[in-house]
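Following this message is one structure expressed as structure tokens.
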Amino acid sequence: MTPPTQTLKQRPGADGPRGSGPLNTQDQALHTRTLPRFAPLGLLAAATAVSVGISLALGWNRAAMVVVAAILYLVAINLVSRSVENGRRATDRTVTGLVTIAFLIALLPLTTLLYTVLSNGLGALSGEFFSASMRNIIGEGGGIYHAIWGTLIVTGLATLMSVPIGVFTAIYLVEYGKGALARWITFLVDVMTGIPSIVAGLFAYALFVLFLGPGVRSGFGGAVALSVLMVPVVVRATEEMLKLVPNELREASYALGVPRWRTIVKVVLRTASAGIATGVTLAVARVIGETAPLLVIAGSTDSVNFNPFDGRMATLPVFTFYAYSEPGVPAEFSVERAWGAALVLILIVLVLNLIARLISRAYSPKTGR
Amino acid sequence: MIKTPLHRRTAAPLAAAVALGLGLSACSASNEESSGGSSESGSSSSSELSGTLSGAGSSAQEAAMAGWRKGFQEMHPDVTVNYDPVGSGGGREQFIAGESLGFAGSDAFLEGDELKKAQKRCGGDVVEIPAYVSPIAVIFNLPDVSELNLKPETIAGIFAGEITNWNDEAIAADNPDADLPDLDINPVHRSDESGTTDNFTSYLDATAPDIWTVGNIEVWPGKLGGEGADGTSGVVQSVQSGEGSIGYADASQAGDLGTASVGVGEEFVSYTPEAAAKVLEASSQTEGRGETDLAYDLARDTTESGVYPIVLVSYQIACPEYSDPKQAELTKAFLEFAISKEGQAASADSAGSAPIPSSVAEKAQTALDAIKTS
Amino acid sequence: MADSSNELTRPVKRLGDRIFSGTALGAGVLILVTLAGVGLFLTIEGLPGFTADSSATQPADNFVGLAGPLVFGTVLSATLALMLAVPLAVGVALFISHYAPRRLSQGLGYLVDLLAAVPSVVYGLWGIIFLAPKLVPIYRWLENNVGWIPFFSGPTLASGRNMATVAVVLAVMILPIITAICREIFLQTPTLHEEAALALGATRWEMIRMAVFPYGRSGIVSAAMLGLGRALGETLAVTLVLSPAILYSFNFIGAQNPSTIASNIALQFPEASGLEVSVLIATGLVLFLITFVVNFAARAVVNRRSEFSGAN
């Protein structure tokens, strides 16, 4: 329902009034004067120049320079606009500046983080890194083959468990649920979203200790812990998507005599599937990097383990943590592997995200935005 | 049957992920296959050992374990040794709980209730041997000071927050030649519960009880102040990042940082593996224990010349009897390797540990002989 | 066979329907059971911890002495992170939904989502190796110039391990989730409301204030609460970045900072045994209860607000 929104909005850089003359009677003139288009850019350049000047004079570093330039710009655009245009415009322009700055600030951690990981981890990537485990490796060499498999198995199992539970719960809430039970489930799913990951790990640990004795470690336990974290995310995402399915579709299906469950499967889920797939993939992306619960229940090993029900299983996040915090001698190789594993982990998540978006784009019905 | 688009769509990324994994190589890791192959030509064919041995416990031992496991697994390609660094307490707990573990690694020897329970589990005396001696270095970061002498009282004063500046008289008195700056001392400690903290404070408690009043602790109390950092790597990183910092860490991780010489008697001893190993020789065995139970009361306050007293000694705990003969065989063979010359060299390589003195190794071997194999 | 009088308006109940609805109900109930299981287990395993003596609650004398500062640190760090993240997230969401060129906005949203893809260990590594040293000059400046404010009394550590750094790292970590929700909500503002505001001659900012914010308020609150939940439970990033102690302190840039529950568990659990484990699990239960209360409050707020805002 949202698509036309954007087209009617003013575009940046076209801030001029263009017919949207203020109806505010306090503004005497029908046309207020407006700043020329290049004014913001010009002011920005001026602010930067002044800031660079001050910085050079006082010997500040670059960070301080940028901050000062930003503040100067905001003050300048406000004052100039206030004197040439009016107070409301001035506020508007200042907010535009602030919002843009907010976005740029948000990009800072992303770029520096990617840079840090890339510059530290890229050197670790090699054929051996992807094809070898850490068995019998000391110092240089070795790889994350075992951890990649562990992550795929643990996360895959968690997905296999969470998706049916999550999707069916969402179906219950949206299609069937009424009354106190549904309200409670909705509420508790919210609570579950807030379960700290380490608590989920402790829960899984206790559950398996109960059955298998102390010191239990298994990939499946890790999958259970991750499921606790994943289910609420899947429920939430699916719920939202199911709610978006227009009732007319359901009614049309009922009108054709289609049973309710087939209506849900064939009409409702089908319509919502792209959204659900996206939600699920994002949920996977959320849990695939979880370290704390896996530290507690899945443990760490240096060999490949394909059996999630027996013995500890290395995963990329835990591998990263241990490779950094328990590097052995000499430390630099292990630390490099830690960064390499972190890089691989991020790449996997990126690929997952990308796949989700491609699917969502390819399958999404015409209603997509 | 219900072929919903949902299934198709969630399956796709999964399938892709699995395909990605499969594409990496065949089923097992490249080095794991090759290790089996190469060892046939490499090591002798005398190895009849096979199977899996599991141990758990001290995380301080993990790096050493990596060395021992590598050496042992290369000697016996059909054997897999797992070691789970769950912590000393957890290792003892699991060892007592049952036979899932062949041995436990522990930074402290068994005492009291735990000892009784372990004896019950073993059906007799416990086999307990010191196999890992790791010097703990006092690392510091001072611009123009490469050598630093510190008396135990001074170290205690620094970490207790009583000596706060590097030009303090107590430090200057022991370092007449050093150019000590007028700089605040930033003592860095482990923020996690660790055997390193345990042993370091045990040393301070033994040598400077008047100044170090909080006793032997595993978790740093907030009232002492100072910076807390996670793990050895965290402490090293913190000390590296700030001039005037001082901390304690496994000597092998000290890197380029200066390490202090510690006052023993009238002299100052800098850490070397040999000096650290001498602690065991200078110490006496704990009384009232079985012949196979080699627990040492470490002589932290020794005045013997050339001994570096800040060490972490970690034990291997095993039973003389196992219901599974294979487990007995593997446990015995692995621990024998660990205390052998090659084993100690391997752990020195992988963890920078100090070799146990030969006199101790002999006693340990005698203790291991008590493990019955069919 | 038709079972009710209004069979014309309802689809006929069939076996498939019963199985299907039963499965759906079962899934819902399973969630209740799981959650009950989490609470139950934590209580059972943690119960001895509440009455543990000083031997298991090192370095505090008893459980309250340990848990009190931990709760304080947990709430403090999460609150600080929220104070940093929410304004920024709203700004970023606005930029993406209403300011950036339409062609770019989806890509930009994706960029911010990337932040959510980064595992918490990596945030921890980045925080201590890259970020903390960069922030130290700021802390030094604060300490030297406004050190009389208790928040900034220092002393600054050269490694930058302190509450302020933790707050920044946590803020970065919860930024994407808050941004993503706010963005979605802002994009769903009814077009008519926006156009009406613009037609009245409102500037873009006035339009946002009049049309977008009122509509999205409950969404912003719930996004913030979700972020708060994440920040409360974040473990490894705090573990790697903080110089912790068991104490109460409002000094954000000092050497000793109140630790958080999750971080304390991660630090002590690996070497804990016996009663110590119970104590840690008991603190885990406390954390669980805190997140429970936060979510409860969040829902109450969202439900109340939604009546006015017209959301949903």
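Each chain carries a letter (A, B and C) given by its place in the written order, and its residues are counted from 1.
We adopt the following convention: a contact is a pair of C-beta atoms (placed from the backbone, for glycine too) under 8 Å apart; a residue touches a chain by one contact, two chains touch by 3 or more.
Keep in mind it's a predicted model, so treat the numbers as computed, not measured.
Chain pair with the larger contact count among B-C and A-C is A-C, by C-beta pairs in contact.
Taking the mean Cα position of each chain as its centre, B sits at the greatest distance from subunit C.
Between subunit A and subunit B the centroid-to-centroid distance comes to 39 Å (mean Cα coordinates, whole Å). Distance between chain centres (mean CA atoms), subunit B to subunit C: 37 Å. Centres computed as Cα averages put subunit A at a distance of 13 Å from subunit C.
Multi-chain contact residues of subunit A (touching two or more other chains): 167, 265, 324.
Shared contact sites, meaning residues of subunit B that touch two or more other chains, fall at 59, 85-86, 90, 93, 230, 234. Looking at subunit C, residues 129, 270 sit in touch with two or more other chains. Put simply, subunit B touches subunit C in their complex at residues 59, 85-90, 92-93, 184, 186, 191-195, 217-222, 225-230, 234, 237-238, 241-245.
Here subunit C touches subunit A in the complex through residues 11-14, 16-17, 19-21, 23-32, 34-35, 37-38, 41-42, 45, 87-92, 94-96, 98-102, 105, 108, 110-123, 125-126, 129-131, 134, 137, 172, 175, 179, 187-189, 191, 194-195, 198-201, 203-206, 208, 226, 229, 232-236, 262, 265-266, 269-270, 281, 284, 287-288, 291-292, 294-296, 298-299, going by the rule given at the top.
Per the touch definition, subunit C reaches subunit B in the complex via residues 58-59, 69, 128-129, 133, 155, 157-161, 239-240, 242-247, 255-256, 259, 267-268, 270-274, 276. Against subunit B, in their complex, subunit A makes its touches with residues 128, 130-133, 135-139, 141-143, 145-146, 148-149, 152, 156, 159, 163, 167, 213-215, 217, 265-266, 269-270, 273-274, 276-277, 280-281, 284, 299-304, 306, 311-312, 324-329, 331, 335, 348, 351-352, 355-356, 359, 363.
By the touch criterion stated above, subunit A contacts subunit C in their complex at residues 2, 4-12, 20-24, 61, 63, 88-89, 91-92, 95-96, 98-103, 105-107, 109-110, 112-113, 116-117, 164-169, 171-173, 175-177, 181-182, 184-185, 187-200, 202-203, 206-207, 228, 231-232, 235, 254, 257-265, 282, 285-286, 288-292, 295-296, 316-317, 320-321, 324, 338-339, 342, 345-346, 349-350, 353, 357, 369.
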